[in-house]
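Take this structure first; my questions come after.
Going by the order they are written in, the chains are A, B, C and D; count residues from 1 in each one.
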Amino acid sequence: MTIDSISLSQVKDAFHFIANRMVDSKDMLTQADQAIGDGDHGIGMARGFEAVNNMLEAKTLNNVEDVFFNTGTSLLASIGGASGAIFGSFFMGAGKALQGAEILNAAGYQKALEAGLAMVKKRGNASIGDKTMVDALEPAVDAANQYSGSSLEELAGLVAAASHEGMEKTKTFTAKIGKAKTLGERTLGHADPGAISITLIFEALKEYISSL
Amino acid sequence: MVKKIINNPKDVVKETMEGLLLANHGKIVKVEDANAVVRPSIPAGKVGLLVGGGSGHEPLFAGFVGDHLADGAVSGNVFAAPAPDQILAATKALDHGKGVLYLYGNYAGDNMNFDIAAELAELEGISTKTVRIYDDVASAPLERIDDRRGIAGDLFVIKVAGAAAAELDSLDEVFRVTAKARDFTRSMGVAISPGSIPETGQPTFEIGEGEIEIGMGLHGEAGVSREKLMPADELVSRMTDLILKDLPFKAGDEVCLLINNLGATTMMELLIVNRKVREILAEAKINVHDTMMGSYCTSQEMAGFSISLLKLDDELKKYYDMPAESFAFTKR
Amino acid sequence: MVKKIINNPKDVVKETMEGLLLANHGKIVKVEDANAVVRPSIPAGKVGLLVGGGSGHEPLFAGFVGDHLADGAVSGNVFAAPAPDQILAATKALDHGKGVLYLYGNYAGDNMNFDIAAELAELEGISTKTVRIYDDVASAPLERIDDRRGIAGDLFVIKVAGAAAAELDSLDEVFRVTAKARDFTRSMGVAISPGSIPETGQPTFEIGEGEIEIGMGLHGEAGVSREKLMPADELVSRMTDLILKDLPFKAGDEVCLLINNLGATTMMELLIVNRKVREILAEAKINVHDTMMGSYCTSQEMAGFSISLLKLDDELKKYYDMPAESFAFTKR
Amino acid sequence: MTIDSISLSQVKDAFHFIANRMVDSKDMLTQADQAIGDGDHGIGMARGFEAVNNMLEAKTLNNVEDVFFNTGTSLLASIGGASGAIFGSFFMGAGKALQGAEILNAAGYQKALEAGLAMVKKRGNASIGDKTMVDALEPAVDAANQYSGSSLEELAGLVAAASHEGMEKTKTFTAKIGKAKTLGERTLGHADPGAISITLIFEALKEYISSL
């Protein structure tokens, strides 16, 4: 049996699950940013998702849009930096596309991802190959668009896998944007920290759904 | 763990702000609910000048809020741009009807967060303009100048912008002069040992004994090359060569010189560096109008320094020479 | 070998002087045949104020030669007092008939060399008086106050002495005010990592990971105890306790506060320290009139800081508040 | 056969010999000062005795007084610091006591040492037990006074031995003067750097004479 949708309260649980995963990944993400950036990505993401955990407790969230959108504003306000703007924009854009939905299903997830990517690109102007989280996000969105008939569970798996593959590819790119860009050739062999983060988020969501 | 004299590493930004406010004896005040400071009494009708960026570069940015300098500064977490709501709060505190000029270093994070803030400010009827500082010649070729990072050259641009914002009464005019100061500024940095981020306790990069990073960025981002440590004179020759040919600076030019300590370098070393910079500028028949030297724009305890030149014209010289006063910089 | 951006280690003192002269744009000139600088035009009839000591503490001492500050500075080799002939040459350059006040830190080497110079000056008909600064409460008990070392409190004494020497026209009077500033100053320093001497390339002391030296001297001389690194607030409490009870400073006192960077400590840490110092002074009902914070009196790249307090009376406050200008310190 | 006196040119050679010994001891003396002072004693003494070597070449020295006195002024001017004043004063004081002597004999050496010590004490106010070079110098002077009938060679040996013994004793003292004084108890076990230097000087002179 495969899961077609999850309820509002499951979405909240899922976001707690994602948030805890990100908090737990603090050191790993920081090390990734030490290799090619300024070494703060993990602390930013951890701080951001602690704020998300608090928001999920404190705030009245009436629908799935609220969960996504407020996750975005929490990240935007608490992280700062490139990742605050990028990950904040992603979840805010994704949230708006969900338009008051009371459950999350495959169609909603697909729309949300597409809108999230659009916001990220509008904000950051990055393209595939620039060695940013877009390299993991855009293939995930492509995968979601292609397989739009699948169940939420299947889609979450496809998205996570496509994102993971895109993240792995960033190891072969030289950075063209962000604090890593001046490293040029020296970024080869290292995955982009933001790409790792978006992959962790998608993988956590997939795990949560599969565990139901 | 890198040793630091701090309390809980998570509190460094908050406690730094508290210490700064006390050290200013009322000359700056905090913006409510934001990690931002502003001058307590900004004349009605003054164009506001807001600077900002990540923390960890102290005394930049908040140390340059004062008379004939910035009107306010907003600081993010260590090495992370401030969030839009913080920038917006500072913007509101500074706007007196003439709008606010945003002045900050050209980094993806700062650009995005300030841009979002500018959009939010517009919704509230506050006009803003933006000058992004990209003085670091080591960070991209001249054709892609707006991909370059902002480093210690910030100081020159803030000095000129602060004086211009005190004297001129239109946002467009302050923008014009500030953008010119930015366009006339070039810098380059090097480092021999890393800074660290208090919350991780880890150095921002690794570097071997006897090695130096040429073109080091303000957050420990790598530069143009990693080399064997060389004598100061040779190093300075290489740095000034790259700086001079970039604008380019030419015989007969008049410049201001800034030798900025990235953190742990001694004033003795800066002075030894200055000696060689001046020898090279004298040979190139470039006249040095004034010299700033010290820890203005740091990267925690990074050992290293940068050289910046600001090319003067009559207008820039007038604003550069005006007296100014703040926590970190006073000019009579 | 400790990494440094220098040329031949044997040339650091000479090249530092060259760099300093250039950075001053004519506001100081070199004394012939001596590693000393003086102001180019000292008014006839002015009491001369000569400061000095070992090199390696930059910007101290020569960075404080300027308007309403010292008239001249003589610097020895790194961490070594200047030789008598150097001091004498500077003395001659400063004397305008009213005599010269020697102002320096209380170390055996400085005491002996300045005393020999004073004897030689006397032979040449120049009257001198001497104020030795001994502000470091960690270096000897109060009963043996003249065994104590001079550390960053130098700054306060130079600030006051410089203004007094600009205003008063007798050596005795300048001596009196300067000695009072010295008597009203107390300091204490700590360090978590060593500086080094360029010529040996070796750190001046060793210290374990996670350790701090309480009471560290300006040349790496040990202090009162070696301890586990503690939170900034706890450290500051211990330091201020020792300082406050020494003069003692009392409720109702008005003071100036100096938090001095010994070299590699970040401004962020100093500001965090300032926060706690002010909390303690507020509790003790001691009013802080002004704050100085930065790298004024360093020990090469030592990581650490000191806290100094100057107790004000009306006379000291008047001289402290006067504008002043030099390479390392400007007050409007 | 024992040597009763040395000529002016031998005195000059002896001072070159001493100076070279001090220059060669740079690292050892610096390490001694790192343990309890500020780590610069060796570089100061090396710089000072390089200046002495140059002075011996450059200057017309008409008698033994000149050699001693100009050694003192060279040290004073080139070292700076405590040791410049102390070692400079020692040789200047010693030189004056030699009053134009054209050779150095035991009586002259004894008078010179005594006068040198007096100058050091006048300048630095240190007493036995303060953990300074006086702890090695004063016993050497005492020895010279006691054995004033011996030959120069014998006297030089006695002086070197007494000084060495005094220097060794400084390990049992806590410093009361100079940059080491605040270390207090922690100076125990370490010899005073200046005491080591004066011992090296006396030992070098003894070796030079014995080698004749």
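Following the convention adopted for this analysis, a residue touches a chain if its C-beta (ideal position, glycine included) is under 8 Å from a C-beta of that chain, and two chains touch if they have at least 3 such contacts.
Quick caveat, the model's predicted, so the values are computed rather than measured.
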Hop distance check: chain A to chain D, minimum number of steps through touching chains? 3
Chain C-chain D separation of Cα centroids, rounded to whole Å: 32
The distance between the C-alpha centres of chain B and chain C, rounded to whole Å, is 29
When the centre of a chain is set as the mean of its C-alpha atoms, what distance in Å lies between chain A and chain C? 55
Two or more other chains are touched by the chain C residues none
Among all residues of chain A, which ones touch two or more of the remaining chains? none
Linking chains that touch, what shape results: line, ring, star, complete or other? line
If I apply the definition of touch given earlier, which pairs of chains qualify? A-B, B-C, C-D
Please name which positions on chain B make contact with chain C in the complex. 1, 3-8, 12, 15-20, 22-23, 25, 55-56, 58-59, 63, 190, 192-193, 198, 209-210, 229, 231-233, 235, 261, 263-275, 278, 288, 290-291, 293-295, 298, 300-301, 303, 305, 323, 325, 327, 330-332
Show which residues of chain C lie in contact with chain D when the two form their complex. 54, 76-86, 107-109, 112-113, 115-116, 138-140, 147, 149, 197, 199-200, 202, 204-205, 215, 217, 219-224
Where on chain D does chain C make contact in their complex? 30, 34, 37-40, 42-44, 47, 76-86, 89, 123-124, 177-183, 186
